[in-house]
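The chains carry the letters A, B, C, D, E and F, assigned in the order they are written, with residues numbered from 1 in each.
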Amino acid sequence: MVVVPTGSLEQHGPHLPVRTDTSLVSAVCEGAVSAARQAHRADALLAPTLWLGASHHHLPFFAASIDERTYVEVVTQLAASLAASGFTRLFFVNGHGGNAAPLRLAVNEIRRRCPGLLVAAAEYWALAAAAIRRTRGTGPGGAAHACEVETSLMLHLDPASVDMGAARPSWPQLPPLFVRDLIDGGPVTLGVEWDALSADGTMGDPTQASEEKGEVFLRAAVAATAEAVAAFARLDPGALRGGVPVSPARGGGSV
Amino acid sequence: MVVVPTGSLEQHGPHLPVRTDTSLVSAVCEGAVSAARQAHRADALLAPTLWLGASHHHLPFFAASIDERTYVEVVTQLAASLAASGFTRLFFVNGHGGNAAPLRLAVNEIRRRCPGLLVAAAEYWALAAAAIRRTRGTGPGGAAHACEVETSLMLHLDPASVDMGAARPSWPQLPPLFVRDLIDGGPVTLGVEWDALSADGTMGDPTQASEEKGEVFLRAAVAATAEAVAAFARLDPGALRGGVPVSPARGGGSV
Amino acid sequence: MVVVPTGSLEQHGPHLPVRTDTSLVSAVCEGAVSAARQAHRADALLAPTLWLGASHHHLPFFAASIDERTYVEVVTQLAASLAASGFTRLFFVNGHGGNAAPLRLAVNEIRRRCPGLLVAAAEYWALAAAAIRRTRGTGPGGAAHACEVETSLMLHLDPASVDMGAARPSWPQLPPLFVRDLIDGGPVTLGVEWDALSADGTMGDPTQASEEKGEVFLRAAVAATAEAVAAFARLDPGALRGGVPVSPARGGGSV
Amino acid sequence: MVVVPTGSLEQHGPHLPVRTDTSLVSAVCEGAVSAARQAHRADALLAPTLWLGASHHHLPFFAASIDERTYVEVVTQLAASLAASGFTRLFFVNGHGGNAAPLRLAVNEIRRRCPGLLVAAAEYWALAAAAIRRTRGTGPGGAAHACEVETSLMLHLDPASVDMGAARPSWPQLPPLFVRDLIDGGPVTLGVEWDALSADGTMGDPTQASEEKGEVFLRAAVAATAEAVAAFARLDPGALRGGVPVSPARGGGSV
Amino acid sequence: MVVVPTGSLEQHGPHLPVRTDTSLVSAVCEGAVSAARQAHRADALLAPTLWLGASHHHLPFFAASIDERTYVEVVTQLAASLAASGFTRLFFVNGHGGNAAPLRLAVNEIRRRCPGLLVAAAEYWALAAAAIRRTRGTGPGGAAHACEVETSLMLHLDPASVDMGAARPSWPQLPPLFVRDLIDGGPVTLGVEWDALSADGTMGDPTQASEEKGEVFLRAAVAATAEAVAAFARLDPGALRGGVPVSPARGGGSV
Amino acid sequence: MVVVPTGSLEQHGPHLPVRTDTSLVSAVCEGAVSAARQAHRADALLAPTLWLGASHHHLPFFAASIDERTYVEVVTQLAASLAASGFTRLFFVNGHGGNAAPLRLAVNEIRRRCPGLLVAAAEYWALAAAAIRRTRGTGPGGAAHACEVETSLMLHLDPASVDMGAARPSWPQLPPLFVRDLIDGGPVTLGVEWDALSADGTMGDPTQASEEKGEVFLRAAVAATAEAVAAFARLDPGALRGGVPVSPARGGGSV
């Protein structure tokens, strides 16, 4: 089993380094794989972090980026090469919002191209959503990009790289159904350029960040990711069907 | 402004017709566009429902389907042709889970290819999530496919097409982080074939469905979709930025 | 066996609705599949009409469209999903000129990708060419788009959607070898935009249309399509080779 | 203006060389371009013949081939490079049936990618259809591949390459609507492998061929191609619209 | 075994014809295949020369061209069709610099797509590098395009096509590590347009060319190519591994 | 200006870690960028090393890899995003043989897609070829993969990662024209799987490696790369044309 952390290289407001997503997901995965080995006896290898992500939406500020469809292909071929090299389980732990939808497509594509490979994907903030909700100071919209959550994590992990004096809150003027947030966003996805939503690249409120929150977020993300990795390692793909007593012939129903 | 409903044609257990997703999203959109016109004075055209969806995961049972990446291209080109024909706003209302991630990619692709077109996408069940949570009888996992929600809606809209005698609950044996549900699924996406998760194509519990619930779900979906369409029609793309007092020069932050 | 009608959504002059091709091919196929079942005892399922066609050439007026190569891929994947779902024969009945060449490519692509699937494609007006030639009042060029044939058919099938007061003849100034016509066009294909050939989107002479001609055209198209569907259903792909007495070894001939 | 002959390299029964299509279309175009220059004062350059065609359907016997979609891309890029090099008119004269549909797609693609380039395509046998119909001895099905027409032409142009002793008629057992013929085929395109239709690669009746017919066919093809080339050279793309007195605003018609 | 010569059609300065690369590689291969048959008893077929190359970098002057990635696909599919037709060895002899990198990619792609086909590629000037170095009068940079080598070869093979009065030396002002030369170029590849490097399309010094040098170059190229073709024909793909006494289990080494 | 090091992750015999190429090119570039800044006053940013390379040929042993064409696309899009972010010069320093040809294609593709970006690419061993030739103990074939050069470099940079006890020489049985070597390979590229050429993944003779040679190789690679980076930084793309006194009108020469 391999865990592949997926990050990005893109502007994170005036106060965080461009490598933020890559640094954070690397830290989460190092902790999680180590914990999964020890606490859960799950045998998982940690791959280097894929630092090149799908960040075209950040191009108005700065990004080293490939587009979403190329990202799907890259991740799928990476998976296929690992499958050809003998691995049978692959978990993408994602730390960049722009990679999320492409990774969902890739999971399907990988399932079809690599019959013997069991594959999964999750964002670390979604795994740690409960703890983040308990700890954050902002409501929906406060934690989207270079925000309360990411800034707190960087303050905890690499304070020298954070320039809190430059941090400013930035909330797009969006109706509730359109709000962007790592874990409590609205259901509508809107296609607008990043600089139409933010003047300095920030989305959310980094002034609510603190080293202490960062420690809580990291611990939660590591624990939840370790648990997910361990659960994935234990999954028996042949025993997932429910105990439903019926077995109607294939198909059925009227058109 | 155009509203494009996106559905699918795929097996829906032994008790629902293959056109379920297409029928439901068509009904929701017809109601919503009509309501948006009347209640919200939003001027929106309703396109025919795109009944060909990304349903490869249902192929073990039956699907007329294109793969996710082709779906992204189809939807993007459709948008580009509407933009070339003079439309400036486009809302995809989606009624099939397999289309969700491709539509997210397409929203980004469309934003890049069609500079003058404002585009958005949402699933109708996500728009109506609050009402569904209040009304459903099942917990997470009970509403995934041919489930309590879809069966209730069909019982309300087209009872003759439902064979409740054939309906059986089917819950995959998945850890909580992996649970599949239209609105309360876990954060991990797992790449397995549909027939590894379900014996008859159902995912969730259709036996909890009723015509009454269907009426509630439909009314909620219509209302929430109408509200989203109206909010989208009113959005001013030039006035979305928050009132943040800073304006640092482009880029910034250390690597 | 499945019959898939293929239409389009595009401007049809000032007098016909944009759904003309979709409406006409749907009507032809409904009649033909029903007749094939009754008169020819051919067992065929009718799929929903693929209303999204390759209509980029109509973009100067209006079209919801995908380009030709994407159309080839969509149709090929649709075929592959039907083959994977167990169907063994697939007949595309086409009602939009822009789909014709892509469908020819797709037939080849499908043959290669879906070894067990027998596939065919035809335009309904080509199937009914003899009757159309007997009945039409115009010569070559009179029946190309929103023309004598299509307008007659719509007058017969859905007169309320036709605005005959707005219909005007429109004949491009093309040499005989370049003439465009559904069934009697010249051999040269010329790459020019639609609005270079027509001022209002019409190509041909809709003022020659009548409900009576429409009835004749429809009856002929239904009958010829039913016959083709039935002949296709009876084809034995293992018994198509001629009774040629030689069997030279593979290849041969000098370079 | 450039004329690009398009041929192929593929098995042509036991009696003709694999280069048949390339040789024939080259001869037709050499004659036609020369005649267009002299008789019609049309200034046209003749490019080398594109001998690599879309011949996958001949792979059971032998072919050097690319698939249809790659053929579209090749031909489109070739056109774009000629447009970038300053040419403004491009005529593809085709001598291989498998290239016909891809060339139709390419004409559309070229029109879109190369705004300043006027492009056209035609098969030489379609240009010469009237003379072929008058002269041929066979009915529909007799002239499809390595047939009465192609064999006659080779007997006239390069008799040493023809092995008439090996020539045998080969007529697939197809219903009339499915018959294959260069100029009088049926309207239905059927997707079957070549070796399901012919035992030795021949389609039609080469035993009806003669050097005399070949001379007639060649003369007709040269004359008709020269006429088409000259007409194309004279086309004024700004003066193709008919003199229709109406000019309704763009779009129109009800959906 | 098949030998496929690969050329191009592009401007070659004011003194050489656009077909230069195609003419030269055709002559080399005709000689080499003949010599390989006689001197080395290697059985090789010579395909027609692929005259359409990857020459986009010459578009500022003139080229009939496809881009590099399409070239990879064309060459790969050509190989696949030859493999499907029964050939087991394929040697691309290249005479155009722009084809070199795409052919290297294609060799890998072909190896993966055509398991039973042994494939190789080489430039004729690289095969004859020793003789060229001994004979040329220019240093690095003198032999790049329409240069001492190509002009000499054309003076020998087709003097009527050479206009020596128009030939001028043209040396780009590049640092040594960036120098372009058929056989003694620097290691850095620089991405600039051709017309940024040369005023008339020439790269190198054609005034150093002579018919005598051309004869030497041709003889060397023919001999070296014949030798390479013969060596390739004798290769036993099952006996290429060195006699290394170890066989550690697959993989190994620490990450 | 940005320097992007390109590496890979693939088996390197039984004695070197899979990250060898990535580690080596990172070390070379760190030294070179630092030296270019100090000694040559060239202002260059160092990007993170792209550790995912085109290594499909190593799949029989182990590789995390994408195929060559996807590599071209990834590198081109990365360049385009850097150009969109304001960079104007980009130098790829490559440390993995499989990336070499794709990078050459990418340089052309980037030149076309990013008009304002000057791009270059080179392998570090080619830059340091003179020093490597002077120092190496092996002849052609001794330095191809996990070989004298790479093993020496790792002994110098990270001796703990090298297991010299497992190192064995491995020389494929190839004719001279086909020999593989980082700097002195033969001109013919042969398409065979890695495990047909090597029993343990090594290609060359790692037993000739020493820490001392590694120090020499590293120093030479750093110096030569710094020099190339500095020369690239100084290049004036508008002053590369030679002082040739002619300027014939575009094109010319006879076909």
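Quick note on the criterion: a contact is a pair of C-beta atoms (placed from the backbone, for glycine too) under 8 Å apart; a residue touches a chain by one contact, two chains touch by 3 or more.
If you're wondering where the values come from, they're calculated on a predicted model, not measured in any experiment.
Student: Indicate the lowest number of steps between chain A and chain F, counting one step per move to a touching chain.
Tutor: Contact-graph shortest path, chain A to chain F, evaluates to 1.
Student: Same residues or different residues where chain E meets chain F? The copies count as same if more than half of the interface numbers are shared.
Tutor: same
Student: Tell me which chain's centre, taken as the mean of its C-alpha atoms, is farthest from chain F.
Tutor: Measuring from the centre of chain F, the most distant chain centre belongs to C.
Student: Superposing the C-alpha atoms of chain C on chain D takes a rotation of how many degrees, nearest 5?
Tutor: Answer in degrees: 180, to the nearest 5.
Student: Using Cα averages as centroids, what's the distance between chain C and chain E in whole Å?
Tutor: 47
Student: In whole angstrom, how far does the Cα centroid of chain A sit from the Cα centroid of chain D?
Tutor: 54
Student: Quick check: what residues of chain B touch more than one other chain, meaning two or more?
Tutor: Only 19, 56, 62, 67, 85-86, 250-251, 255 qualify.
Student: Which bits of chain A are touching chain F when the two form their complex?
Tutor: So the residues of chain A touching chain F come out as 9, 19, 22, 47-48, 50-52, 55-56, 59, 62-67, 70, 73-74, 77-78, 81-82, 84-86.
Student: If you look only at chain A, which of its residues touch chain B in the complex?
Tutor: By the definition above, chain A touches chain B via 11-19, 56-57, 60-62, 67-69, 72, 100-105, 107-112, 118-123, 126-127, 129, 161, 163, 166, 168-175, 177-178, 187-193, 196-202, 224, 227-228, 231-232, 235, 237-242, 244-248, 250-255.
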